[in-house]
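So, here's a batch of structures to check.
The same subunit A turns up in both complexes below, where it pairs with subunit B and then with subunit C.
For the complex of A and B:
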């Protein structure tokens, strides 16, 4: 490739989706990935495709994204393992059920009807194996899940087919803006330059931003997941809980995935994670409490991916407040997978001098330096990672 | 980690090597299948399942005499051609972690016993590995990373050299492949009764380097 028009730092789902849209718009795009495509959160996610329980600021994006998921093969030429099995959030107490009912009412008042309050009988029709103490829940029937690594690779292939260049093993070590160009030096000593830069570096996005002169309060988590051995069919929809972190689903092969937000310890310098066994154990307990049929199951795999998280659990999406030609898209706080098909298009629009979209205002990079994020009166439900 | 003056030594494996090591280290704790299965290890702590429960076995020194390369790899031990790299006294290069027997390359029970006795005597003498080995070339990485479900499908296969070799090739890409052996979901769930206290995100003040 001749000199690129746009450099993208991060070969995860959001970076690759933006690369796809930019390349299809005729731009020369180069993606610099420190390790391999999907090496961190994008490849380790639980793969939830969820409109259910979203923060109101994310609801419009999530609703737009779910439409794209239902035609994902049209976008990237691969079904991405997407299964529209629905998502259910169950209530274990009357207080939780009341909270879910109030949320559905608030959404309806705002014109959103994708979440449906259901009673215990309907929950049991959707989830025959659920524990008898479950009192009801909410359902988003068009939601589902997909295969994260397959999805990320599909976006990568589609971006390359459109002309984007993806360089793996290119860890960015220095960033500077000079003579109208972003100049990035990698650990290997190579230099890449372009007028435009997209920071899609996930948990490392705060470091890229700081190097560009912008302080964004990004932290990080190592969200832990468990997988059982292959089991007979136990459930079809993805399940969450209103009162405790849980993301629970069964793959086509029968493996039951248990995640939701319990954390291990990560090291950003090495990219390594250390699992926290007692917290893994509590994930197992939650799953067992809700699905007693799991009592005889065995755990065959446990892992964690490193995800950037913001203090308000909302992503950073927007033009830099301090630097020309820089757009950020990171900090998805454990629930960005489902949004990717939309975020890539929006980010591409920002890089191609599109107008600032009002729908992105809540995600502004400078929202913590301009008096803090907007007060939120209708927060999200507990956000399960993935 | 124990705070007593006497190091707490844990031996994994009930075969010829493990039994020989226990004879040389009579105060050590023996973890041997089928009564107790070591399914995960982290610095200073071995995670064990047995009798329908899961527990942590703390150690100052760990001597693995069972064919469990994933357990040792999780502790950071170097693995080459499916075997853990160890010196003549079983030291792996990770302080406090030793290996003997098949996992360290022994091909006969007699060799395994000799290795175990040498490693046990080194531990009894207080030699827990202050002199790290030169790190050998890493295990060859797999050409393509497996996604978690595919890795789970691999790990649910019976433990054996072929399974372990494939898993170790993933280890070279991903880091520790956990658990080294399947563990009961119910026994793991019984480890905690209440939701752990929420912890805030980790902070990052790091810079590009």
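For the complex of A and C:
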């Protein structure tokens, strides 16, 4: 194959989505994936498609993304298992309910109407199985969930159909900029070169950035999930809680997935994860508190996927502050799945010398290294993983 | 409190390992799913002491081992306890018992989880009235339950003959054995040798066969293309013999194609395994002490390769002796001295194995059933769907799981994992090593949300997001 215009590190959802947009724009794209497509966070996401409860900086992107999800088959030729079942965030105390109400007010003042405050009766209509102590909540009715691996593979297939090249098993071992080209050497010893580089390496994004001479304070987590056997219909929307991390949903097949951000342990060098059983038990207790009917449901799988996490739980999206021809898109901190269809388009724009969109300012790669005050490190609302 | 040695399973290997380790001064914790010691082979042996249908080696040898296990000092025995997660680096075993989860800390772990019956996916095997021969034997041993009406045992292996004797003694009148092995297997098996060393076991087998004849067992040989049929319940079993089709009415069909090592946990831990081409199963890679590729974990008994209960007990003792050495309680010379006699017993017990493995080699079709056969019982996925996924690009059972959910059900792929791999290998023209083994996830056995939520209070984390 002829030399590519753009190299993308990371065959996860964000890298593949960017590859799709770039290939459709007529660029020669090569994706280097260390393992297989969707091997880490993209394949192990809970698949939540959520505008609800987003950090204000993410709201415009999330609203644009939800429109793309509603036409996802037009974008990638597969409906990706997307179901617009809505998302609900429940309040368990008066204080939580007041904070949700204040949030909805603030959003309205900014002109956003996608979140709706609902009372206890409406919550019970949306979630007949919810525990009696729930006092109300917020709902985003156009939200839903999709199938993570199916979505990632669909983006990969669409990118390939548009001419992108995806190389699996190509772990990047060295990064160098020489004579206007990014030269990447893989562990297998091959070298790939192109004038432009996209770092979409997820939890490994900080390492790629460092290799390119840029320090970005990326941490990582192994978000744990539980999956039950197929159960009779228990709930339709995806459920979160205002006061504790939870992401809870039932697939069409009846399996209930319990996630939300209780972390296991991970090793970036080996890519292995270890379950943290006490935290897993905490997840189970949260789910039981809100849905007591789950007590006897059998858990058939518990797992964790490695995901990059930033100190302010916001992603890194933007041009490198120190190197030419380098764009970053990583560190989605457990809630990037839903944003992917729009991030890929924005990132493609950045690589193709489009204007730096003001909406991306909060995600600047150098926001923690500039001299000014440190960015706020707590999002307005708990953002459950997935 | 940290225990020196945690042993998972209280069958012959687990009991023998515990007795030996306790004798060597190790603190030992034995956890087992069953309410009483015995494992599969000596299941409920203490309670069955007076049942004439089960008389013989089962009660004599099994009873003696269970008695010694009960009498040994320094063993914390935890029955009705299920291992659902193991972190071997940290030595943490997560278990469920009495409706709650708990953690056990151990310096070393011996997995003595035994064998499982080889799944026999034939058309109709999910019909009520069709079960495995092993399941029928469990019903007989624990509940004294005897199937009514016409009973057919179909398959091959020593258990078919043992179960036939046990069912006939228990009063089953219409019993037929459809043997699936081929004539050539015996000639091949005789070449394997070991018949003199293993003469005791061989004599046991011959005696079993004689007794079934005397009690009127009908035997049909060279059976293939088995099918179970019926409306809501099995009523007919069909097969081919030579060029002719046959059918027989039956009320209960018991399938058996031998037993294979239970590698569910060793695969979930990501330990090294080898494909056993003769017995068509995975085996964890072990050294002469049963040590695995993980420095803290050993395997004893049938879980490392089928050898029967005497070999399992010897393997358990060797793993315990090795544990004492690794934990600094026994120097190398003392270890080797103590092991010498045990090794001799192990060799004698295994002498007949090459003969049996050849004689009862499963047919090649066992891993490649017809397209209309359900392979994953939990999610009702057929062989045809799995071949389709393999053609679309699924290169291994872990990818088929992502494509089709085969292996995502409550059995966690125990029934389908190896067949899925076999179908992929066939479709893609690859070897089993290339296709790889299904990597199960925790929980190793399903537990309820309530059990997990009831973690012991000291194990509760701070409430942090």
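Quick notes
In this section, the second predicted complex is superposed on the first by the 377 of 386 C-alpha atoms of A that agree within 3 Å, B and C clash if a C-alpha of one lies under 4 Å from a C-alpha of the other, contacts with A are read in each partner's own complex, and residues count from 1 in each chain.
Convention: a contact is a pair of C-beta atoms (placed from the backbone, for glycine too) under 8 Å apart; a residue touches a chain by one contact, two chains touch by 3 or more.
Predicted, not measured: the structure shown is a model, and the values here were computed from it.
With the two structures aligned on subunit A, subunit B clashes with subunit C. Of the two partner chains, subunit B and subunit C are each touched by A:43.
Once chain A of one complex is fitted onto chain A of the other, the partner contacts of A:218 are limited to subunit B, with no touch recorded for subunit C.
Of the two partner chains, subunit B is the only one that A:273 touches; subunit C does not reach it. Of the two partner chains placed by the overlay, neither subunit B nor subunit C lies in contact with A:323.
Contact with neither subunit B nor subunit C is seen for A:357 once the two complexes are overlaid on the shared chain. Touch criterion met: A:172 reaches subunit B, while subunit C stays clear of it. Counted by residues of subunit A touched, the larger count belongs to B, out of subunit B and subunit C.
By the touch criterion defined above, A:281 lies against subunit B and subunit C together after alignment on the C-alpha atoms of chain A.
Of the two partner chains placed around the shared chain by superposition, subunit B and subunit C are both touched by A:297. None of the stretches 78-86, 204-212, 240-248 or 366-374 of subunit C clash with subunit B in the superposition except 78-86.
Residue overlap on subunit A between its contacts with subunit B in one complex and with subunit C in the other: 43, 149, 226-230, 244, 253, 255, 272, 274-275, 277-282, 284-285, 287-288, 294-303. Listed in rising order, the residues of subunit A touching subunit B in the complex are 36, 38-39, 43-44, 147-150, 172-175, 187, 203, 206-208, 210-211, 218-222, 225-230, 244, 251, 253, 255, 257, 262-263, 265-266, 268-269, 271-275, 277-282, 284-285, 287-288, 294-303, 309. Here subunit B touches subunit A in the complex through residues 40, 42, 47, 54, 56, 145, 147-149, 151-153, 155-156, 173-175, 177-179, 182-186, 188-192, 195-196, 199-204, 206-209, going by the rule given at the top. Taken together, the subunit A residues at the contact with subunit C in this complex read 43, 149, 226-230, 244-245, 253, 255, 258, 261, 272, 274-282, 284-285, 287-288, 294-303, 382. If you check the complex, the residues on subunit C that touch subunit A are 85, 87, 89, 92, 94, 101, 103, 270, 378, 402, 405, 408-410, 412, 441-443, 446-450, 452-455, 459-461, 463, 465.
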